[in-house]
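Here the chain labels run A, B, C, D and E in written order, and each chain numbers its own residues starting at 1.
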Amino acid sequence: VEIDYWQYVFDTRVQAMDQLIANFEEANPDITVNHQTFPYADYQTRVVAANVAGQGPDVVQLFYGWLDNFIAGELIQPLDPAVFPTEDIEGEFFPIVSAMERDGQYWGLPTAVRSLALFYNKNIFEEAGLDPESPPQTLDELLAAAEATVQRDGGGNITRVGIAMGMAGQDHQWWREGLIRQFGGQPYSDDGTQVTYNDEAGIAATTWQADLYRGDAPVTQIGFMDEPQAAFRAGMAAMTIDGTFRLGAFSEITDFEWGVTELPANDEGVRSNYASYFANAIGVRAEGEELEAAQKFLAYISSPEAMEIWLEVVGELPARQDVALTEENLADPIYGPFLAGLEYAQTTIFVDEAAQRQVAIDMETRISLQGQEPADSLAQAAQEEQAILDAFYSR
Amino acid sequence: MADIRLEGLVKRYGKATVVHGIDLEIADGEFVVFVGPSGCGKSTTLRMIAGLEEISGGVLKIGDQVVNEYEPKQRNIAMVFQNYAIYPHMTVGQNIGFGLYTSDLPKAEKQKKIAEAGKILGLEDLLDRRPASLSGGQRQRVAIGRAMVRDPAAFLFDEPLSNLDAQLRSQMRIEIKRLHQRLGKTIVYVTHDQVEAMTMADRIVVMHEGRILQVGTPTELYEQPVDVFTARFIGSPSMNLLPARASDGAIIAGGAKIGGVPSRTGSGDLLVGVRPHDLLVGEASAQAAMALKGIVTVVEPLGSETLVHIEVDGAPAIATAPAKQVPAVGSTVDVWAAPGSLYLFDAPSGKSLGRL
Amino acid sequence: MSAAVSDTSRNGLWDRFSIGQKRVIWAWTFLALPIVFYGAIRFYPTFQAFWLSFTNWDLLRPAQFIGVQNYVTLVNDPQFWQVFRNTFAYLIIGTPISLVLSFLIAYYLDRVRFMHGFIRALYFLPFLTTAAAMAWVWRWFYQPPPIGVINGFLGSVGLPAQPFLRSLEQGLPSIMVTAIWAGLGFQIIIFMAGLRAIPSTYYEAARIDGLGEWAILRKITLPLLKPTTVFLVVFSSIGFLRIFDQVYNMTTNDPGGPLNSTKPLVLMIYQTAFSSFNMGYAAAQTVVLFTILLIVSLLQLWVLRTR
Amino acid sequence: MTATVPSTEFKFNTSSIRPGRIIAWTVLFIGGVIMITPLLFMFSTSLKSAGQVYDLRLIPAAPSFDNYVKVLSDGRFMRWFFNSTFVAVAVTLSNVFFDSLVGYTLAKFQFRGRYFIFLAILSTLMIPTEMLVIPWYLMSAQLGWIDSYWGIMFPGMMTAFGTFLMKQFFETVPDDFLEAARVDGLNEFTIWWKVAMPLVTPALSALAIFTFLGNWTAFFWPLIVTNSRDLYTLPVGLSSFAVEQSIQWEMIMTGAAIATIPTLLVFLVLQRYIVRGVMLAGLKG
Amino acid sequence: MADIRLEGLVKRYGKATVVHGIDLEIADGEFVVFVGPSGCGKSTTLRMIAGLEEISGGVLKIGDQVVNEYEPKQRNIAMVFQNYAIYPHMTVGQNIGFGLYTSDLPKAEKQKKIAEAGKILGLEDLLDRRPASLSGGQRQRVAIGRAMVRDPAAFLFDEPLSNLDAQLRSQMRIEIKRLHQRLGKTIVYVTHDQVEAMTMADRIVVMHEGRILQVGTPTELYEQPVDVFTARFIGSPSMNLLPARASDGAIIAGGAKIGGVPSRTGSGDLLVGVRPHDLLVGEASAQAAMALKGIVTVVEPLGSETLVHIEVDGAPAIATAPAKQVPAVGSTVDVWAAPGSLYLFDAPSGKSLGRL
């Protein structure tokens, strides 16, 4: 039997998957897995478009936030509870796997999950007189550290940011699931149909974040070095907030030492994180033999063995609690903070991830470039995002 | 047998008829030249013979066969074009050999034919050259070579010398004529240059507005033009035409009476033609058929003779003076023509009324 | 001597046709495949696009006819009007600037003898580059300090840093510069070809008549260059109206620039179709693009027509 | 319009080198250098290591080809390179063949419907590709052309631009050439292929250059129609590479340089023909 | 005063010298024609006079002024080009008026001048037309009109008639000549057509490889060419040249002794020239200076006379027969030349040794 597996292009993910496929094919000599990859930007297009053509993969990787789209588009089929018992899933995986559940049915399983953490440049910390072994643990400390590490040239241009920022990166997740909650709000209603961040808490969170890049002595600059992670990697940012998936890229850094710590807590010590994952689902066209093979493959790539390989190659956290929360992993200076974050992580149910992120980007742009007050900008963002939600849920 | 017969040949483009039913027989081995002003249908006729243009009406026979619907190749004729149509991307040898493209001769045979044609045309040393490095005359010879190797029943030429300068033209004229003598093939040749027609043709066909005006040997046309058009067309410079009136059996032209007029001439408007070579500057001799006075407007000394442009009674005319005699512009000169050198035409119709 | 007329090659059906008919048959034979191609690959999809623009097709579910709903949505979409303005900004600023610039360069380059080929190559090289690749180079040029090359230069001569792509006002001009840059070499060469095609005797005659360079330019060069100019105006207008590669690759973080300030219509189409899968709506946008192109081209041809 | 570019290089003979001339030259030269600065920086950066990228000097402190080795050892680049070349060459050949055939037919045959066909083909110039992409995608999907070389190539196999160009050029070929061949007994196809085509080689090279460049740099459609990375063309591959490398400028510049080097080399070798070809095409406007 | 003086005029392109120091005086109002084969430097010389080409050496004076460094406009000359150089985007009237572009005449005055020029050139009805719809001859007249309105001291023409067909050419020839008579302005005219030179010039300048070979009136050149080149260049058909040897005071050419040779002639290789018009077919008269036999290769009947191409002792020559006499090809004919019609040249140098 031949089945197609699709995922997007990311070097280490491709490597890891190739390795998994090799193992799987060895164990199941009668099954061949075709591994196809697409650029991230066009990945969704591909899947959807292939569907129009009456084609499509047997096993497909999807961002959890796309699930509703994929279901609506009849791209994937629910997992057969006989093969993937619901109790097992809920018992063994991190709770965020529930984002793959609709009406009691599971539609896919992740191999790995990701959460956010604060990366910091130890060399810069040292140079600024900060202790490289005690990174900021609260928002105030974060601000102080950023102020201590930011650098400017004679013309007042920032030449090194205290913390690299940009909604185009991961900061919109931090804002949505981290800051808003830490300031006492809630981004969306429980059923996900209503935007609820346009309140006092939302304004406070947004203003706090905006103050990092506006005002007379900002500690960061939007678009600095194009991308937050690029700035950090180049040693031009003392800190950045990013996800597990960045570990692979940052591991190539040789010019300086860096460390990871949990996202900062608020004054009351409340922390909040954002977790996400790419799940694997079974394509709607898999039937009979192929369905069986696809199920086998899915089971393998969400097995503990696969997760260990994934952690090793990609650096992403295992989606099964028991595989993830080992002593060794928790003590790991790098994985530790991410795993810790998983404990209090939230996932956002996106209906159109790209569009919703764009709302956050535009909100930030209005503040940074147009000088709009954060409260006004937030209000507008809430309105825009609500429109997106309405459009989706009214279909 | 490659005699070509045109029977009522007609060509229409849409509604416009450009060739109005031409009848002509061209004998095997004959050199026939079509002349006429631009747009008179010479090329069209030739192209109908070649099979490049569909025949709208009438019958075209080559030998005994009606070939109206034959493709050019089947007619076994060759054609040489005004701009030579030799291919710049092939060598001279390849160009000549291109005439044999569809033939199934063995290669060696082809080579032999090419070499032979090259030799006849004096192109032996150029066979490997590209046309770009050839002179106009050489190019035209290549084009002829390409036609020759095919060994066709007849050659068609469409103004092959128009693109050459005067000197080359007169040289190529002779070469083509020699070639005709040598090969003995039928040649149909189109030109608008009457000198070419006169010097090369066995027979000349004068065309005008899609019709044949006159067919004859060069001398016939020169001596007995059927109308004003042919008369002016043949001979260089063109025949002078002086408006005249016949009355009482006498003809008055340019203010002078013409002597020796036969009495049969009725009255009416006439044109008296006299060729510049026959209209001599100088004191009229006693037997002059016509003696006039003219005011010199321009003189053109040619070395061997001088053309004197004069105005006779308001009408322009050209007379000839001996080489070294160059009358002053503005002066009045006597000119005269000998008997037998005058042509008489009916003014309204332009038809010839014979010579005087 | 060979037979007068070779009779052998006459055969059957083919020879029933007259010379003219045979040629017509040849012509249609030559055209057969291309006609199928143009029909299937150009015309049929065009009509399909028109049809789709009246549906709500979203790739997932079968298309439903919804009348002019897409167009109504479009007219009421503020983003569309933003994008519409941007598209025309690319056209109205880009075309004249690039044409004037390329004409000036061609005009002087045409008279330069020393290292002529080399200088011409300098101007022409950008035309040979891949827009997708060069967009990244430019993106790097436009970065804020400390990595941006241009800002680095500005800083070194004591000028304040500019935000370029990270700006609502400078974003569009910055991208336009790259588009002009990429197309300039082509336009220069075309202008030079046009200039060369003007017989030099025209200039000599004018010099003998005593005209100065300016008068020659105005009275002779420009009028005689008109066919070239018309070609370039239409050609470059279409190019600017369809700008995509540069924008797409220079603003991957925030496609279409901050608050869509650089987004052209084609990018909107791409996003609508291939990010939101709103095919019907995207088709309506393509129809609008088509209409704009048609009107602009015809208008230009009409304005610049030769009387 | 004639098919030859006049070789007269200069309209004005100068009595002596005038100061204005020197100023013009200098300005042009500086402008030209500015034109290629992006290219210079691209090459320069591709020779720098990650740490040196932010050192904006043009001459790298320690130039090395490591980036090239890294990018090319990837293997994908070579593959994309091949794909781009293959697609561009195949489409170019097809265009040279079909555009000339159609252009020739429209220029040299008289038949009813000729003008209509010409206008119809010409009118496709007005249809933006973007409008057709969705239907093309659908069509490719239904016919199984997605993710195949043919899928990338088919929309460009013939172009109205090329047809128009070739028609214009064939109109400058005197009928005599063709009629001479006709009298010699060649069939119409052979006349076109053996006689007419060699006569318009400058135009063919112009067409070939344009088609090749256009397809070599094509981005929009290959981006949409290819699935597997093995079938990416260079620009698409490069773009995905840039995104996936999450902005490592030195690597992106290396990739960009690799995408640019072939056309630059071709240009340097064929400079005269290319410029001439482009000029020819321009004259046809 | 618009007399033009060339004193040792030199033109170099890089290392190649294409005009080697020309001395010439052109009087006010004179019509001077430069002739010579292609590439001999005619155009270059003309363009130096016009100011379009820098003068590499020597002095150019117009009137009394050295104008070497003058701009074209300051020299007050007008020029007419081979391809007319009339602007396709302007009407005929605008084209003619363009000559006045820099003049500060009032508009009405300009209009008057344009109308006047249009009238003289017969372009009154075409003033609002575009050049595209004009015939070649009309275009050339527009170009002349543009030159005329400037009222220049001198006109320069560079092969103005080359692009016209034979008939138009001879017509325009006369028009230009008339115009010269009417305006009385100096004209310098370049052509490679000797007929134009002969018929139009007051004086002809024969150029060869950047040097002046001979200057003189048309008759002088025809009658007393200084060398073989001029002799063959002037007159049509070209002069026949027969190789000859002088020995013992006698000259043997074509196997026949030439009578009446003055005894001064030394011995050595000679060329005997005789113009086709002077080489007559027929029984030699008693006083014939030369009598030869030749084999007819081609005959070209022109109507008024017949050119008979013959081979005399292997050398080709052209003789003339009266109009109606057409000798058969291949036959042997007698030809003769009258005394005084022979030209004698030194074979190695080509220099003229006078006439016989």
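For the reader, a short list of remarks on this structure follows.
Going forward, a residue touches a chain if its C-beta (ideal position, glycine included) is under 8 Å from a C-beta of that chain, and two chains touch if they have at least 3 such contacts.
Please read these numbers as outputs of a predicted model, since none were measured by experiment.
Listed by label, the chains that touch chain B and also chain C are D, E. Chain B and chain E carry the same sequence, and matching their CA atoms takes a turn of 180 degrees, rounded to a multiple of 5. A count of contacting C-beta pairs for A-C and for C-D identifies C-D as the more extensively joined pair. With every chain reduced to the mean of its CA atoms, the largest distance from chain B is reached by A. In whole angstrom, the spacing between the mean C-alpha positions of chain B and chain D is 53. The mean-CA centres of chain A and chain B are about 92 angstrom from one another, to the nearest whole unit. The geometric centre of chain B is 26 Å away from that of chain E, both derived from CA atoms. The distance from the centre of chain C to the centre of chain E, with each centre set as the mean of the Cα atoms, comes to 55 Å. Residues of chain A in contact with at least two other chains: 41-42, 45, 49, 52, 225-227, 234, 236. Touching two or more other chains at once are residues 51, 71, 73 of chain B. Touching of two or more other chains is recorded for residues 146-147, 199, 252, 274 of chain C.
Those residues of chain E lying in contact with chain C across their complex are 47, 50-52, 71-73, 77-79, 81-83, 85, 87-89, 98-99, 101-102, 143, 146, 150.
Those residues of chain D lying in contact with chain B across their complex are 174, 176-177, 179-186, 190, 194-195, 198-199, 201.
The touching residues of chain A, counted against chain C in their complex, run 41-42, 44-45, 48-49, 51-52, 72-75, 153, 155, 157-160, 166, 168, 221-227, 234, 236, 352, 354-355, 358, 361-362, 365-366, 369-370.
Residue ranges of chain E in contact with chain B, taken from their complex: 165-166, 170, 173-174, 177-178, 181, 192-193, 195, 198-200, 218-219, 222-223, 234-238, 275, 277-278, 297-298, 300-305, 307, 309, 323-324, 326, 329.
Looking at the complex, you find that chain D touches chain A at residues 50-51, 53-54, 137-138, 140-142, 144, 146, 223-224, 227-229, 236, 239-240, 243-244, 246-248.
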